[in-house]
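As structure tokens, here come the structures.
What follows is chain A paired twice: with chain B in the first complex and chain C in the second.
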Partner chain A sequence: MIIRTIAGAVALAISIAAGPGLAAEKKLAVGVADALTGGGAVYGLPQANAVKMAADEINAAGGIKVGADAYKIDVIAYDDKANPTEATNAVRKLIDRDGVKYVLGFCCSGSTSAVASFIAKEKAVMLVGNAAERSITTQKIPNLVRTRPPADYTGQAAGTFIARKGHKRVAVVGALEVGFYSQYVDAVEKELKKAGGEIVAREVFSLRDRDMTPQLTKIRALSPDALLVVGYVEPAAFVYRQSVELGINVPRYGFTSGSEEQFLRVTTSEQMEGVWDLRPTELTLLSASKNGIAYHENYARIFKASPSPSSPYAYDQLYALKAAIEAAGTVDNTEAVAKALRSLPVPPQVVMQYQPVDGKMFDENGQAYTSNGAFQWQKGKWVFVEDLPSDAKAYSLFLGTLK
Partner chain B sequence: MLIEILQQTINGLAIGGVYVLIALGLTTVFGILGIAHFAHGSISMFGGYLTYFLMTGYGLPLIAAIPIALAAGVLLGALVEMLAYRPVRHANHINAFIVALGLTMMVEGINLQFFGHEQIVIPTTLSRVFDIKGVTVPELRLYVILSAILLVAAMMIFVEKTKTGQAIRAVAENRDAAILMGVNVTTIPLIVFGISTALGVAAGIMVGALFAIAPGIGEGLVVKGFAVLILGGLGSFPGAILGGTVLGITESIAAGFISSAYKDVIAFAVMIIVLLVRPQGLLGRAP
Partner chain C sequence: MNRPLTTLVWLLAFTALAMLPQVLSVKYYLHLSILALIWVIVAQGQNLIQGFTGYVSIVQAGFMGIGAYGSTLIGIHFGWPIWATIAAAPLITALFALLTGYPSLRVKGHYFAIVTMAFNLIIVIVLVNFRELTRGEAGISNIPKPWDGDRDAYFYLALTLAAAMTLLAALIARSRVGEILRAIRQNEDLVGAIGIAAWKYKLFAFVISAMYAGLAGALYAHFQGFINPEIFGVAQSLDAILAVILGGTGTIAGPVIGAFLVVFLPELLRFADSFRLILYGLILVLATIFMPIGIVGVAKTVLARLHRPGARHDG
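Entry: the complex of A and B
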């Protein structure tokens, strides 16, 4: 009895003495639902890596500060295989079993839309990364924000760029069964038509297709003056390779966001020479800010591979979340954090070059905008050539009118 | 138009060659042992992965890696027969079916564990493109088509002209009679699985060089293999050859002249139409 009393008193004394110190070591579990395997993994895995890297950096710098407490981030990542059912299961597991309130990642539109359909009912905040389907941010979901701009925002700028190059007959081959890719092409077509041009073919490939020669043979017979490739990196890389093999010798444009490393697994640099990628101004070393260069170096050092250009969307999610939690002064009140996200200025640590709307990183729809850029493959590298004309404020107003 | 048709035919021949090899492996096993060997696609992907590993891990040239992978395929096939299918040979058919499904999952898991989730492309130096009056033939595709023809010819010669081949056909025709004629029916399944897996490995290498190997690709391939089997006629070697070629070219022509969005649908629709007219398949025997 005496020993028990002494032990209790000692424990109490230690806890009182170390009180503030223990409070500083709180943990905040942050979930990641993303494609870690399968076709979407080219985007999802680098996103998950990026979140982990950002978490390590934030933890090393003292964590997320809420009042007197500092929260160290604990990342729990599940593989959603870019599949709607798997994504729903992964997020349910994060929220129901792991008690997670903040879910990041989301590279691919189908799986993201599935989670977006129920997230409004949850006491959780969803931060979407690379998934570009427009409808994700037209539903006015108060606890959802997205770092990547919608595909048609970029498509409009790309269409203007292609039209300015003087192309009148553009053939498209892409993952057109995926909503955001067809939205991109629709926006391109609208701009082409304004300039008197047209899309002469819309050929389709699926995520698992690797033989595009039938589609390309058909396109070759139509004698287009440009080829537009929209789709995931891996099938797109095969299109570029096989277009050369079939002797299609016209300017090639794309909307893929793949890294040099990802393309060179399939094609040679010679087969890629001159290809344009018209996309959000994502990470390439020649367009990167100081943060971007540091991000690239750290990612390559930690994961022994170059980061995919779109991976900073997820990295930026965590810094935006950190800033919002600190601004809201709470980790438990997800409503307050969601509100804080929508009134957040662009945090200084982010990698992408955001175009704030009314001084805020996310607009009323929960949508962030980056500038769009024209990148060209030159001697084995994506080279940033120029900015594409983009008006974030005007697009934000347009997005607000959609349901 | 003619050039387009010829080009689509050349396009379809390469993938058709892969389908033929997969289907030949499946039909050999099915015709002789009555087993629907679902793991065949995953095992063929293993062959592709192994070739890539030998090239990148040990610096072997493709020409040296291929025979090693084929030999490993023969060995692996024999092991699969001994360890997975032999114990259930005399059991109900459903047992072999379950073993086949389990084996598929196991091999997919092994591929994922050892070779990772990323797609890999087997590197080759065959990058020339031949232009024959407007029809372009990439060098790699040409080699794939020629290799498929060679392997099919070798397989046919083996089955038709050698004693072991005759024994395999005898077991396929009438197992009991084959036993009475002194055929060793314990060794035949080992040989059949060895050959079948080697053909699968060859197909895996072709897919890896032409396109890519990744988790899940083998499953898609085995579905096409079974489609070819049904189209050509169950257990028929010439049927598998014809069926694979027809499926490859149909897919290509359908994508080129009808719609790329429905190329698989059209290919399978053709298969259904053929089966409505000839339920036994193109070259299968009527029951």
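Entry: the complex of A and C
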């Protein structure tokens, strides 16, 4: 009894001493809808991990500060299997049942487009990560922003790079049934044609294909002077492996965003040697800033695996959201937060190297742009070789003209 | 159960469902209920060809896709009102079913299943590659929703149509056509031997089944506001088969129960995180092994035992 009385008195004394100046600690539920299982999980799972890691960091640093309150972030993650119906169900559950106002993640385009089709009517803000389908940010949805640039923004830069290497006959093998991969290839083709080159083959593989020898045998017969591989990591890795096995000895370019660890599950470092990956300047240790190096170390320590190069798109979402909430001064008014996101400078904590448009991280379409880079596989590692020519402002204007 | 009691149970079930928008405070469950009602239509159609006729078709989701894209594209390109496009969807699907049904139904058993699965794959390939029309894998967004997306109103639309389609399935099952379909399931050669052109009835069941799927597809498109080919793949056709098997093959109540199960079960298992699909698969395997006659079949067996004379003394 005496102990209880003393404890009560101490608690009362602390609360009086702290007075109104001490921030009240509250919880802010943040949802993640992403592919945690299935083919898309190579991108979705690292994204969900990245959001959790960012939340832990923000919480450890005192949370999101809104006026006198500090909000600790509580992450609720649901698997959408990269499937449109599942994604809709997951986000409905987050918004309707869990009361979430901010939904992050979204690695894959089909599931993201499904959610984007109704999010404008919700009192919620959607932050899209790795999903690269262009139309996601051509709809001018006021409460949607995306950290990853669209695929054709990168494809244009990649096409210029390949053309500069002097290739005239490029064979493509990839997941061309997926909209954003074909948009990437279309942009490459446009730049190649400007330089007098052409695409001599467009061979398709699906997400679950593992035997690419039919496509590669056909390509070999065409004697191209370069091979371009676009698609998810695993099938792309099989293409690289089998192209060596079939003796296709031409420079190989790709658009995959896979980590070393993900490629080495399928192929060997020798089979990957010399492969180029032409993609947004995502995370590799050599291209990384201080933030990137810290991110890599922390992720590897916490999750016992290397982060996928695209995973910081989701990590950056949470820091952008934090900055927007603090700028708007509210967690409840999602309209104000969505507006604040569109006028946000690039927060200092982000990992990706964003190219702000008019000083803002997201343009009027809700789209962020990173620089594009040429990475090459050298002795077991992706090595950043050079920046690819990219004009974020010009692309932003072009994106604004699309419907 | 006798007929008045069965009718009473159906009325009670309908009334209970009709009260859901008032009872459910969390709209997420209403969202799932709408999806489940759409799946009731899919499963009732599947039951006509699979349960009553004995032909396992693996193209139901493909037909759903034809209905969904048909309704959406007519709306976009011809400016038809939503109601007209939804009404047109089963007719468009029927046309495709007629074209595919005639060659498919020349084979039986596993071969029929394989042929229909191939049709589903072809439908998806066309939807993916005919980009000028379907926008390919990226899908079609912003499909107009009636009542400005009001979920309560859409629930009643889905409920009304699901009830009407269930009633129609019951009428078909009880008609002479239904009797012939069941006879085909039990002994198709005998049906032919007594002078009945079995192929006409099989084609009828196949086309009607597709029309159900087409209607469900249109409802799905105008509910979700987004479609892409992935939604209408073979995996979803297998879900339609599962709904029928789990609920009770060849019964009217079975597809209703099965449809709710295939929609709600994976969602209720979200607590299991990455083990969710393993758990879902395990439940399905166990249910199929231990309840091959489905939930309705088990319920009927239990009721029959309870009503058997002297059942109370059986211990």
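The criterion applied here is as follows: the second predicted complex is superposed on the first by the 380 of 403 C-alpha atoms of A that agree within 3 Å, B and C clash if a C-alpha of one lies under 4 Å from a C-alpha of the other, contacts with A are read in each partner's own complex, and residues count from 1 in each chain.
Please note the rule applied: a contact is a pair of C-beta atoms (placed from the backbone, for glycine too) under 8 Å apart; a residue touches a chain by one contact, two chains touch by 3 or more.
Just so it is clear, the structure is predicted and the values come from calculations on it, not from any experiment.
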>> Quick check for you: in the superposed arrangement, does A:G359 touch first (chain B), second (chain C), both or neither?
In response: neither
> Once the shared chain is lined up, is A:V266 touching chain B (first), chain C (second), both, or neither of them?
Replying inline: first
> After superposition on the shared chain, which partner residues are touched by A:T85: those of chain B (first), chain C (second), both, or neither?
Replying inline: second
>> By the touch definition at the top of the document, which applies to A:L36: first (chain B), second (chain C), both, or neither?
In response: both
> Can A:P214 be said to touch chain B (first), chain C (second), both, or neither?
Replying inline: first
>> Output check: A:E245 vs chain B and chain C. Expected answer is one of first, second, both, neither. What do you get?
In response: first
> Of the partners chain B and chain C, which touch A:G196 in the superposed model: first, second, both, neither?
Replying inline: neither
>> Going by the contact rule set out at the top, does A:E177 touch chain B (first), chain C (second), both, or neither?
In response: both
> Is A:E234 contacted by the first partner chain B, the second partner chain C, both or neither?
Replying inline: first
>> Based on the A-chain superposition described above, do chain B and chain C contact any of the same residues on chain A, and if so which?
In response: 36-37, 177
>> Give the list of chain A residues in touch with chain C in this complex.
In response: 36-37, 78-79, 83-86, 88-90, 92-93, 95-97, 109-110, 113-114, 116-118, 121, 133, 135, 139, 177-180, 182
> For chain A, which residues count as touching chain B in their complex?
Replying inline: 36-39, 41, 45, 173, 176-177, 203-205, 208, 210-211, 213-215, 217-218, 220-221, 234, 238, 244-247, 265-266, 268
> Within the complex, which stretch of chain C touches chain A?
Replying inline: 26-29, 31-32, 35, 128-129, 135-139, 141-143, 149, 224-228, 230-231, 266-267, 270, 273-274, 276-277
> Of all residues in chain B, which touch chain A in the complex?
Replying inline: 3-4, 7-8, 11-12, 14-15, 112, 117-121, 127, 129, 131, 136, 138, 210-212, 214-217, 220, 251-257, 259-261, 263
